[in-house]
């Protein structure tokens, strides 16, 4: 494997999930694999879980880790082709990507959607710029349109908590005061398409995600209907995709309550707004898998890095 | 030992001081103890000594170190119970503390007093939130009301420089242009209460510290009187406790001069404002122990981490 | 060697270049040299190459690395002698330098010119303050007036790409929208003076560098004339030195084009403004050495750290 940019870079989801669960039993079993290898983590946005779990995963593989908050520690990057750089940007992605490639063996990048300009966000100039010009493998630590390390962690969590052969998994929108990106929902959907499950998406009208991503998925606008018989309820806010980046509703009727959840397990990628996305009673109950999901971020990162290290 | 939150978590001050002095002779003697163990240092405020000395201490024990400036790299935390999180905070301490616990074996936290609201500061929501919800040991790298790593380093410095069985140690307030927290003074007093020494606190009227902390201590409002016959003069500014967070005086008659110091040793936790807190002539003389105190920060941190590692 | 502050601290440029080229073949051949040794990298300004390459170099020598963005993570430093510190600065360089010396074996510092006050910039208060008060070796990661790690990397690159015994090397000014420091140009010139080469400096009138540094160098105001027969063209913008810190011209007739370059190799320290400093066609051609130069930053840092480690 060269890059890990989307869920589609997973060669076999069931195999990777099994390998990750095996890694979890003894996280140091491959600690010689990354010896004398360096990963550079570049953050264009804030991070807690991704930062710590990816660092931890790399260290468990014996790698050296270099971390940069590119926004305030590095130089403002230019992505345009042929630009006369007489304005605010100091360095072109062409140089930055090649240069980082001289200093590390893998580069991992976080660069969120700006949510102002759909076309620009979908062009994924940061992560695509790096994967185009870097001479080393690139790992997506959440880009404008995807968060494949989260989706892989979610697949691990689903597998570990599965009680029956074919589960019902519901992805539900929930309210949030600010406009949030679509990346987590997109990657979760793409991952679910690789699973044998009864998968339903539910959200208010106007919150339809990119139809290319949801193609073939069941969409149910009635949340109660969607939640019926669910084994897992994955909850996430996202802003409107059609009315790009807008908050169309903060309707708390969509907040997940104990009653709505029934006997299902509750999942969320975190950070989560309590009593907006989900009630305290759910998060503080044994039905919540959010901390397990966060723990599995280490092992999704570790399996991805292991696959890449085995290839370089 | 589970957490190191206050000076009271020191099982035996004389034993720990002796062990730290022994560690100092060969800082790498326990470098296998922290193998495959990770410490996460979370900074909600600036730091020079604490950041570098704690990192150094952990590395000398063979630990991996992950550092985050939580304020600008992570998410704004919510501490309230039952809050509807529809405002500025993105993540609840309940999740943050549990999540960090998935990625590390020890978490160390710096979160200063805001000095606006005494009750809020004394509730110590950051460090107490982490110690309540984390499943791993928590180390205080200076909280609203205490700085126990500094106090332990000071105890080491006092022991190393002690010339007689029972020393006279004076804690003196000195002027500073900005309002400063009480944490260093509080922990120094709590540590001194565990020492066999002639201990006197001196400050202008209105600068009385929390009476629960100074209970049983000699307070002398006349600085000259207090300094008479001192072996060690520990100097520190703090803002008013009764008129909470206010600067009531910047009276430079309280600045420590060579003349005032006499033959005593000068101590300060640093950073120190020259010619406000203390004259250049004192800091630049052989009577100043400030650099030794800073060096001992490594060994106070290392002994604390060693005690914790031996217990997990 | 104690400190590495300027190009003049290189004992023998040809020997160091050869050693660096040898190191490059097997960067881990001295990985025991830095065992249990710590380097502290202090950044007062942004950095990409310097940050990552110095960190990488130190790790390849087996060192532990501690990194601080001093500006926003530490305390505002005071440099004046005898200052009454009742204003914005919290800690004096005297304490800061001594304290950092307690926690590490080498300290490396980046502190750019402010370009407001020539005398102040030339006093180099940050790097000189550290080298005066620290008890450990200090490495210059770009100061107000020099960037000797860059110059050493450039010497390595020149050696690796040299086609004939005596090359013609031209240092050419090029336009840039913002006022930039003189550090890179200064150190490049100082390094070239140690080389057997035909060396020419070209820039518009008013852009003369510090005459003490350019003393003995050929200065040619006609860029076309200067470039004739060049083997290497090193391009860099700098602000005026006589009209200190001013941008006197952004004349794009000075931009390096393919035509101007002829058969020469193109060099630049990066970050580079495309189509201001140099045309895309040059950077995207095989004549550009900029990525090689960036790679050699690892080995210039590594040879400097090796020399220091061998001495402590």
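A few notes on this one:
By written order: A, B and C. Residues from 1 in each chain.
The rule is short, and it goes like this: a residue touches a chain if its C-beta (ideal position, glycine included) is under 8 Å from a C-beta of that chain, and two chains touch if they have at least 3 such contacts.
All figures in this text were calculated on a predicted structure; none of them were measured in a lab.
Rotation angle relating chain A to chain C: 120°, from a CA superposition, given to the nearest 5. Residues touching across the chain A and chain B pair largely diverge in numbering: under half of the numbers involved belong to both copies. Averaging Cα coordinates per chain places chain A and chain B 39 Å apart. Residue positions 72 of chain B each touch two or more of the other chains. In the complex of the two chains, the chain B residues touching chain C come out as 28, 43, 46-49, 51-53, 55-56, 59, 69, 72, 177, 250, 270-276, 280, 283-284, 290-291, 294-295, 298. Within the complex formed with chain C, the residues of chain A that make contact are 36, 38, 40, 64, 66, 68, 72-75, 78, 82-87, 90-92, 94-96, 98-100, 102-104.
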